Amino acid sequence: MYKIEAIIRPEKLQEVKKALEEKGFYGLTVTEVKGRGRQKGIKLQWRAGEYIIDLIEKTKIEIVVREEDVDELTDCICQKASTGKVGDGKIFVMPVKDAVRIRTMERGDAALGNGKI
Amino acid sequence: MSDISAADTAWVMISTAMVMLMTPGLALFYGGMVRRKNILSILAICFATLALISVQWVLIGYSLSFGSDISGFIGGLDWGLMKGVGVEASSYATNLPHIVFSIFQMMFAVITVGIIASAFAERAKFISFLVFALLWTTLVYDPLAHWVWGGGFLGRLGALDFAGGLVVHISSGISALAVSLVIGKRNGFREYTFEPHNLPMTAIGTGLLWFGWFGFNAGSALSANGLAANALLVTNTAASTAALTWLFTGWYMDGKPSILGMLSGAVAGLVAITPAAGYVDVSSAIIIGFIAGLVCYFAVLYRSKSNVDESLDAFAIHCVGGVLGALLTGIFASSIINPAIRGGLISGNITQFTAQFISVVVVLVYAFTVTLIIAKIVDAIFGLRVNEQEEYLGMDITQHKEKAYA
Amino acid sequence: MSDISAADTAWVMISTAMVMLMTPGLALFYGGMVRRKNILSILAICFATLALISVQWVLIGYSLSFGSDISGFIGGLDWGLMKGVGVEASSYATNLPHIVFSIFQMMFAVITVGIIASAFAERAKFISFLVFALLWTTLVYDPLAHWVWGGGFLGRLGALDFAGGLVVHISSGISALAVSLVIGKRNGFREYTFEPHNLPMTAIGTGLLWFGWFGFNAGSALSANGLAANALLVTNTAASTAALTWLFTGWYMDGKPSILGMLSGAVAGLVAITPAAGYVDVSSAIIIGFIAGLVCYFAVLYRSKSNVDESLDAFAIHCVGGVLGALLTGIFASSIINPAIRGGLISGNITQFTAQFISVVVVLVYAFTVTLIIAKIVDAIFGLRVNEQEEYLGMDITQHKEKAYA
Amino acid sequence: MSDISAADTAWVMISTAMVMLMTPGLALFYGGMVRRKNILSILAICFATLALISVQWVLIGYSLSFGSDISGFIGGLDWGLMKGVGVEASSYATNLPHIVFSIFQMMFAVITVGIIASAFAERAKFISFLVFALLWTTLVYDPLAHWVWGGGFLGRLGALDFAGGLVVHISSGISALAVSLVIGKRNGFREYTFEPHNLPMTAIGTGLLWFGWFGFNAGSALSANGLAANALLVTNTAASTAALTWLFTGWYMDGKPSILGMLSGAVAGLVAITPAAGYVDVSSAIIIGFIAGLVCYFAVLYRSKSNVDESLDAFAIHCVGGVLGALLTGIFASSIINPAIRGGLISGNITQFTAQFISVVVVLVYAFTVTLIIAKIVDAIFGLRVNEQEEYLGMDITQHKEKAYA
Amino acid sequence: MYKIEAIIRPEKLQEVKKALEEKGFYGLTVTEVKGRGRQKGIKLQWRAGEYIIDLIEKTKIEIVVREEDVDELTDCICQKASTGKVGDGKIFVMPVKDAVRIRTMERGDAALGNGKI
Amino acid sequence: MYKIEAIIRPEKLQEVKKALEEKGFYGLTVTEVKGRGRQKGIKLQWRAGEYIIDLIEKTKIEIVVREEDVDELTDCICQKASTGKVGDGKIFVMPVKDAVRIRTMERGDAALGNGKI
């Protein structure tokens, strides 16, 4: 099992989600994050001083899938989330040892509820 | 100071304060609907409007609007910097210190520009908005106010506009449309949805608008009398009816009762009753509210399906609502409510309706044309719009170097 | 129009606007206390109340409440659709255009329903609330207003209710309890905590309520005179005393001074002084505020430990505070403050206290019973409550298809 | 009651309500600038101020300030618990019920303490603030109000302070500085930035302040007349000019137009026009607004680069703005605007300027010294400040056991 | 070392936290997330268009523990977080190479401050 | 590749970010989290009951880097984020199998845009 962690533009979330759904991948977790990549920072000012904003709002999607689904999914996400401009984001793939469905205590692939299972 | 009434003075001063509060109210109403990254810029635009138009008004605006008439088209500059505008009454309201009349009117100029501000939402350069606002209030608002209220030709034609259907709502609504055509669509328009970032903020704004509108409409009686009371009653009734109408229409059409819909409906009703408030009775107010709720609902629906990104629907609500109100005034105006007039269509007075109709057309054409020109000029010189990268990062950071929420 | 006072007209019109603002204020007060997923539905309920009751009032409500008396129990329909309610004074206030009196009263009907709305928080079907609200205002509020203020039997009995302890607060508070018994507990009640999602919103709401309450109580003098001034003073004093009392009581009991407690205390004080505002002096106001702060604190504590999920404590604050206020009026009322009355227990007038006591019981019994019946009927026909899944997802999405915050 | 004017009564009552609303407005203005973990404590401090000072005022504050003069320094206790303060007029305003004058003044005492509250932001023990507030209002505010308005020596000297430049703004601003010196810097000051947690909240607060300030300044005419109207006009004009001045100055200096700057500028303008509102014309208001916007901008800049953590800049805005206003009143005051005075420097009356100057110095010295002593004493007995761990966790949790947002 | 990532109902957080505490596991990190699992989406409407809400608010708990504690903890969380209804959530277990306590720069198990250490 | 997950004090974020930047590590993702460590909980009260707050606001920084950069980065973060008091936070290091740059679909180290590459 692997966890796919995709950091994308917030406005691309709907599209990515829909594409995943169509491929049968319902289960996912979404977090609002901020990220810094290739962009330069922007200085912000307020009455008592100044600070630098180089963190842009991004959306993180986490999907745990079986090993064999990883490539299909990363491709799918790349395709949907890409605009071709700096700031499109990154995907990271991480090993997962086990998954548990809390409701039923099922373990392993059966717990994922994702993909062709 | 013989005829000056302290009671009327008190009433119009508090009405002034209430109308002033409408601009912050509008800022919240709009602010709740934009994306989180652009909320401060909407607030900045509205507060800057309050400051800027207030100063323009005392410098020249009041005089251009209400100063000695120059061939029915504009006021002279004799009252510039409020020279001669003092504690004695003016011919506009013999029961009020002249200052009171002028500052009450000031707040109308302010809120009108505030309404157009919505067309700049989420993509305009702040500096360009400021320049636009100054030109617009001088070249569009002040003449229109003069034509209708300041002794100009529309007033002489007999156009009725109790609290500003023509001068405030049609003019700002149609101008918002013109601006949105020049400034263009937001990036991502119709590609992905723009979720309103804080609807409770929009609700607070609506509450303040509703409150302030009592000063707007009932204050326009310029006297604490039965006419003001009637304006208060019909204002509240039309707002309520329109809110319910929009709520139920949307419920029927979309399957769910939307609170944003109900709030928009309330504003639509308030807009539509504005020109009529001193001329119609409560039954007419119910009809006006109903029509406004229904028609503005479909106007917004139609606009949102169109290719025009008039982002916060000032056109569909203020212009459409204002046109409805102005015409319906020509139908429902009654000399029983206001003995100073002859009544509308329903009282068999077709002249009134014609006067209303002509005024609507004149205001639409003038405001649209001049706004288009102003917007093009400002665009050519300063650029109305930020670049794509800035729009993506949001106005708050790129225009103001500030963040709304930590 | 001989006796009509422009000053009084101005004062009651602005008071009307201030009382109107209390309903948005209430929406924020309550809205801050619910969970994030239900905030819009609270706002929707309160704004819909404003629209709906406004329309009901002009159609029939005003006439039922204040129209020509039918055997002391209800007003006739002669003033339906505001027929005959014009710029001349009425017998209710010979110094005001009739319209002014009627629209001032309208806002009381609105806010009363707004208070009950809290009992529907976080679990009611929107449609059911609307039906309930319409029935309740017609079958409970209008009769009660008639009994006490419209020439009905409680007024004739001599019950004093300056600005609505009986009519507004007891009636809405006890009805909220009745509703909460029918609608049942929220899922998860006493299993896990419901954290208020935005206490600053509750604070803004309290600020607007406090402001509006000056119109509510001092406006109820129906004249810009010393009586109104006294009402203003005692209102502010009771609110302040009760806020401090609750603050310190909670501090002693819980170990920490709670801001929600202080705000609740302020409201409790405002409620308790409402029936008394035109009859008591500032020392009595301090006592009333103190008692209200203390007793309502324990009422809320007790309720929150009970098994009743009267979620936003309209009962513990409005009903308990209203009962205290009504009875304490029977004790502290003074003919020095208001020469039109004979005074309360402390002036040796036991009749007044008896009248207050009887009125309290009558209102409690009538409002509770009729509300229970209305709630049961609405429940049977429409279902008061959403299903468990919808309650879990929240009212905003499931009832309104909207999200408060993006 | 022969001379009492219902219109003036209405005007001052509504002004009272508007000034009351400024304290919640101030709470929001400040609340938006603090960190998320401390927002409730700011709200708690401001609402507690409203409650506490209201009670102090009816018990002794009004009498100390306006009671029978004791050698020019303090009022007697004859009006304690509002004894003798009734519906008849007082010598302070023969056109108003005495109660109206006293409660209007009450709201000034409240807001003044609210301004100082900002110096306690994000690090004070709640109990210590309460004790401080009670001592301060009794030992600083009440004497100063007496000196200037209550028949005391500064009034007799001829000092002009229309709505409270000396009594309200200088006194609170300089006291905030004194408090901040005693209480010390917040942990992390100048190490890392403190981002304002919610600037839209600050904007709402500014809107309410602006609205309330019309009651503050125009209400201070104590009559609904031309003088009030002039105050309204110059107030709005100075606020607008100062907002624009700060906006553009900051734009020039920092490269971007800051909305917080514009809002701060508006407040600076409102502060500076406060002492002058009843004495200057609109051109002078523009100059006053311009100077206030410019000077207060640099005052804030300087303060923020200094080592003093006067966290929300009550000193740089209220004290500096108040000093400017008081002195500029001595320059621009005009007997054309207010026939009751002889005018300022510009009318060739150097005495007026001297009187203003002396008053400023007296108020600065007195308020600073006494506040320093009070703060030290409260610090010694209760400890002004929470411990480091508590400060880190935030005031909301540690002082109030509450969380602002879920 | 493993990281236990549990996505649970927000209202179950208190209970789960308490249970972990009683077992001696104090250290944890909580994130507000949104998730999609087996539930169907809900369409939302506003004036300028419509969008689909299929993301329900969830709470993510992250706990890094020694290998031998993993089973005990997942069982404990399952038990406390379960209501038996769709939406109870998932637990994922991921390998962690190292842990550092910033304050002391301790590394490895000693840095966790969790479990029986 | 490894993911460095650092949970630090929010007020240290600027400093840490700046230090990373100076070392050439631009890419990072920031999440607002709450955490419990060694501190005792605090009981909170409101009108309808009470609840315990033992979760303090923290900031989570995630940086994916090549194996050889891990030690340098953890040291750097420890140094900048530390105040020496309880609550300074933790760093966890987790294996990452792959990284993808969405815009270009580059994979592996090249996608990181971090460190000396």
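Order of writing sets the chain letters: A, B, C, D, E and F. Residues in each chain are counted from 1.
Assume a contact is a pair of C-beta atoms (placed from the backbone, for glycine too) under 8 Å apart; a residue touches a chain by one contact, two chains touch by 3 or more.
All values derive from a computational prediction rather than experimental measurement.
Asker: Tell me, which chains sit next to both chain B and chain E?
Answerer: Common contact partners of chain B and chain E, which must touch each of the two, are A, C.
Asker: Since chain A and chain E are copies that touch, is their contact same (over half of the numbers shared) or different (under half)?
Answerer: Mostly different residues form this interface, as fewer than half of the numbers used are common to both chains.
Asker: When the centre of a chain is set as the mean of its C-alpha atoms, what distance in Å lies between chain A and chain D?
Answerer: Whole-Å distance between the two chain centres: 51.
Asker: Quick one: report the Å distance separating chain A from chain C, using the average Cα coordinate of each chain.
Answerer: Spacing between the chain centres: roughly 50 Å.
Asker: Out of chain B, which residues touch more than one other chain, so two or more?
Answerer: 5-7, 10, 14, 193, 195-196, 198, 204, 208, 254-256, 258, 260, 401-403
Asker: Touching at least two other chains at once: which residues of chain E meet that condition?
Answerer: 14, 31, 45-46, 51, 94-95
Asker: Which residues of chain C touch chain D in their complex?
Answerer: For chain C paired with chain D, touching residues are 5-8, 10-11, 14, 18, 35-36, 195-200, 203-204, 206-208, 210-211, 214-215, 218, 223-230, 232-233, 236-237, 239-241, 243-244, 247, 254-260, 262-263, 266, 281-283, 286.
Asker: Given the complex with chain E, which residues does chain C contribute to the contact?
Answerer: Residues 37, 188, 191-193, 392-393, 397-398, 401-403 of chain C touch chain E in their complex.
Asker: Which residues, counting only chain E, touch chain A once they are in their complex?
Answerer: For chain E paired with chain A, touching residues are 2, 6-8, 31-38, 51-52, 54-55, 58, 60, 74, 77-78, 81-86, 88-95.
Asker: Note which residues of chain D are touching chain C in the complex, please.
Answerer: Where chain D meets chain C, its residues are 1, 4-7, 9-10, 13-14, 16-17, 20-21, 23-25, 27-28, 31, 39-41, 43-44, 47-48, 50-52, 54-55, 58, 81-82, 86-88, 97, 99-100, 102-103, 106, 126, 198, 201, 204, 208, 399-406.
Asker: For the complex, which residues does chain E have touching chain C?
Answerer: Within the complex, chain E contacts chain C at residues 11-12, 14-15, 42-46, 53, 56-57, 87.
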